[in-house]
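You will see two complexes here that share chain A, one where it goes with chain B and one where it goes with chain C.
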Partner chain A sequence: MDINFLEKHPADIVQVSGSVDALTASVLTDFLSLKISQDHTNLVLDLNQVEFMSSAGLRSVLAALKECRNKGGDLRIAGAQPGVEKVLKMSGFTNILKIFPDSENALASFSN
Partner chain B sequence: MEDLNRTDTANIFQEIGFAYFKCDPTGEILEVNQNFCRLVGLDQKSVIGKNIFNTLSAEDIRSLKKALDRNRADGKITSRDLVISSMGGGPQLVDCTISPEIERPGLTPVLYGVLRPLPWIGQMEEHLQAVERELEIARDIQASFLPQDLPHIPGWQITAYFEAAREVAGDFYDVFTLSSGRRIGLVMADVVDKGVGAALFMALFRSLIRAFADQHYKLSWMDVLSEEGAHENESASLGHRRKMLSTGTTALKNAINLTNNYIATNHGDTNMFATIFIGVLDPSNGSLMYINAGHEPPILVRENGEFQRLDPTGPAVGMLPDMLFNIENIRIGEKDTLFAYTDGVIDALNPSGETFGEEQLLNLARGKYSSTDELIMNLVSELKVHISDRSQYDDITMFALRREPTGSSGTGESNF
Partner chain C sequence: MHQITRSAELTSLPEFRKYINLACSHHSGIDKQITYDLQLAVDEACTNIITHGYQGMNPGSIILSLEFKGAYIEVTITDFGHAFEPIQTPAPDLEAGLEDRPTGGFGLYFIYQTMDEIEYTTNPYGNRLTFIKKLESAVG
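The block that comes next holds the complex of A and B.
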């Protein structure tokens, strides 16, 4: 799993690639938590390059979502591939956060 | 300038995280740091002037001196695992690294060495055994959170299978009677993540669901009984039946809502949640009310091979408080089979890294089987062939429930 951070306006983009599973999820959790603690509280999580996301990955997303919202920001997901999107839908993440086809749309949604 | 450098070096060695020493070619110790003193259990004064070789066994001395001689010619560093004894304290296994002799103009050559304490293999084994014992206890206790025996349901077959990927698991299933056997509670669940954390939450989720479901069923049936007393003449009316249905759905809904809010409120910081399928079956007519909280959709296979997925009716349980969970109702007909499972089944990897897959599972689940035992056993053997010698990545849990044709004598239940 690789993580790339892009400072943008009005939100920052976190690009993740590879597999977010039981072995790698804690790295994502720590990364997101660090960025949020540094006041990057509006985040687009770009999952375009993520091939697999296990429940451990969902837990990372939930943790970051709560932290962002606690600080008055939000976390939105962009570019999830069909497999990952299915996991997000099934577990009900689509009920608790916003999902966009790509990071441009997700970024634009923060301006509205 | 040279003095300053020397002092700096000495300071660095004093602060450094491992035991350091400097000795002359005979092994007489000239300088050590605090960590060295701590390691051998003596103060600096007592250590200086002692011979480093005298702390070793005769065999270690021979082998170390031989290696030092050999490496001196090439200017190479010598590294050895040694047992240091006879200084203060007990014997200590160390990873010892010694520089070759370093010539100093006008002074005796010196050797620099560092020692890194290593745990004894014996100590490590003991430690590992202790951890294993603890995990065994945890596994045994966790087993008590799974049903020991499945309830006997006349006219129905049920078979369950559970295999943890590690010592303890985050998956669980449950089958229990409600309302004195007039209803059957069915649960298939997967707590997020793996290992001990998931196992602790498995115990909590399972207990909350069982307790809340039972409590609400008892209360709701008391409500129904008192209603019956009040409206004896209308007992067969449509309104009354609606009332009974709604009482049951409320109980089911409350069990999930209360569990969700309890976890989200009291354990929100852990971000733990679970995907849960929970159904309440009326065995007399095959009516199944269910909530699918973010779980892999169970498959209802009709007698003619047609099938239906019981898709999610709400999010996973415990993510955020006050989530909305809907109830669906479905009828299990004679010879129909309900098959529920966790993602460990479809995500099981073979040695080339391919998943077992939903399609294969669906094809197998739709096959013709004489009993739920046969269905589960066939699935398990196909899974074992698929996984082959690869280690199991996730917990594997499933159950199959079949309604027997009326008049059939055989009933059965088993868990593997």
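The block that comes next holds the complex of A and C.
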């Protein structure tokens, strides 16, 4: 798993690639927690290059979402591939966070 | 039958998924979603075996086998750790608000959501978890 951080306005983009499983999820959790603690509280989590996500990855997303919202920000998902999108839907996460087809749309949503 | 054996460590998870991808790619009629469902169920089951089944023990092995039987795929996961039956648990509260949202319990839930049949047997020679995934219609 690789993570790229792009500082943008009005939100920052976290590009993740590879697999987010029980082996790698803690790296994502720690990375997001660090960025949120540095007041990057409006985040687009771009999952376009994520080929696999398990329940361990969902826990990372949930923890970051809570941290962002507790600080008055938000975390929005972009570009999830069908398999990852199914995981988000099965878990009911689509009821509590916003999902966009790509990072451009997710970024623009923070301006609305 | 396709079969691989790996040590019960988290570093084996990507190898199991890669193996499933490769095995499925050799059979026609298995779309990407079925492959993903199999990877997800096996990943969640093996994560449980690694983190709970072998807890307090030296990492043993996990044997994963796939049998393509025409209308369905039979997946068998064998381990030699503590018995850890993946009993169907109530679905996590999928309507809960963010603060009340459970952070655990999704692993087993995903297995039951994506597989058509699940069987668990244990004896002194090991624990065996079997999944059936039908091919004619994807579940969930």
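By definition in this document, the second predicted complex is superposed on the first by the 112 of 112 C-alpha atoms of A that agree within 3 Å, B and C clash if a C-alpha of one lies under 4 Å from a C-alpha of the other, contacts with A are read in each partner's own complex, and residues count from 1 in each chain.
What we mean here is this: a residue touches a chain if its C-beta (ideal position, glycine included) is under 8 Å from a C-beta of that chain, and two chains touch if they have at least 3 such contacts.
Everything numeric in this text was worked out from a predicted model, so none of it was measured.
Participant: Both complexes share chain A, so when I overlay them there, do chain B and chain C fit or clash?
Facilitator: Here the two partners, once superposed via chain A, clash with each other.
Participant: With both structures fitted on chain A, tell me whether chain B or chain C touches more of chain A's residues.
Facilitator: More residues of chain A are touched by C.
Participant: With the two structures laid over each other on chain A, which partner does A:Leu34 touch: chain B (first), chain C (second), both, or neither?
Facilitator: Neither chain B nor chain C is touched by A:Leu34.
Participant: Between chain B (first) and chain C (second), which does A:Leu6 come into contact with in this model arrangement: first, second, both, or neither?
Facilitator: neither
Participant: Pick one for A:Leu62: touches chain B only (first), chain C only (second), both, or neither.
Facilitator: In the superposed model, A:Leu62 contacts both chain B and chain C.
Participant: Determine, under the contact definition given at the top, whether A:Ser19 touches first (chain B), second (chain C), both, or neither.
Facilitator: A:Ser19 contacts chain C only, not chain B.
Participant: Tell me the contact category for A:Gly83 with respect to chain B and chain C: first, second, both or neither.
Facilitator: The answer is second: A:Gly83 touches chain C but not chain B.
Participant: Looking at the overlay, which bit of chain B runs into chain C, 218-226, 272-280 or 326-334?
Facilitator: 272-280
Participant: What residues on chain A does chain C touch that chain B touches too?
Facilitator: 22, 54-56, 58-59, 62-63, 66, 90-92, 95-96
Participant: In the complex of these two chains, what residues of chain C are touching chain A?
Facilitator: 10-11, 13-14, 17, 32-33, 36, 39-40, 43-44, 47, 50-51, 92, 94-99, 101, 103-104, 106-107, 109-110, 113, 140
Participant: So in the complex, which bits of chain A are touching chain C?
Facilitator: 19, 21-23, 52, 54-56, 58-59, 62-63, 65-66, 69, 82-83, 86-87, 90-92, 95-96
Participant: Quick check: in the complex, which residue numbers of chain B touch chain A?
Facilitator: Going by the criterion above, the answer is residues 190, 192-194, 268, 271-273, 275, 293-297, 312, 314-316, 319-320, 323-324, 343, 347, 394.
Participant: For the complex, which residues does chain A have touching chain B?
Facilitator: Contact set of chain A toward chain B: 22, 25, 54-56, 58-59, 62-63, 66, 89-93, 95-96.
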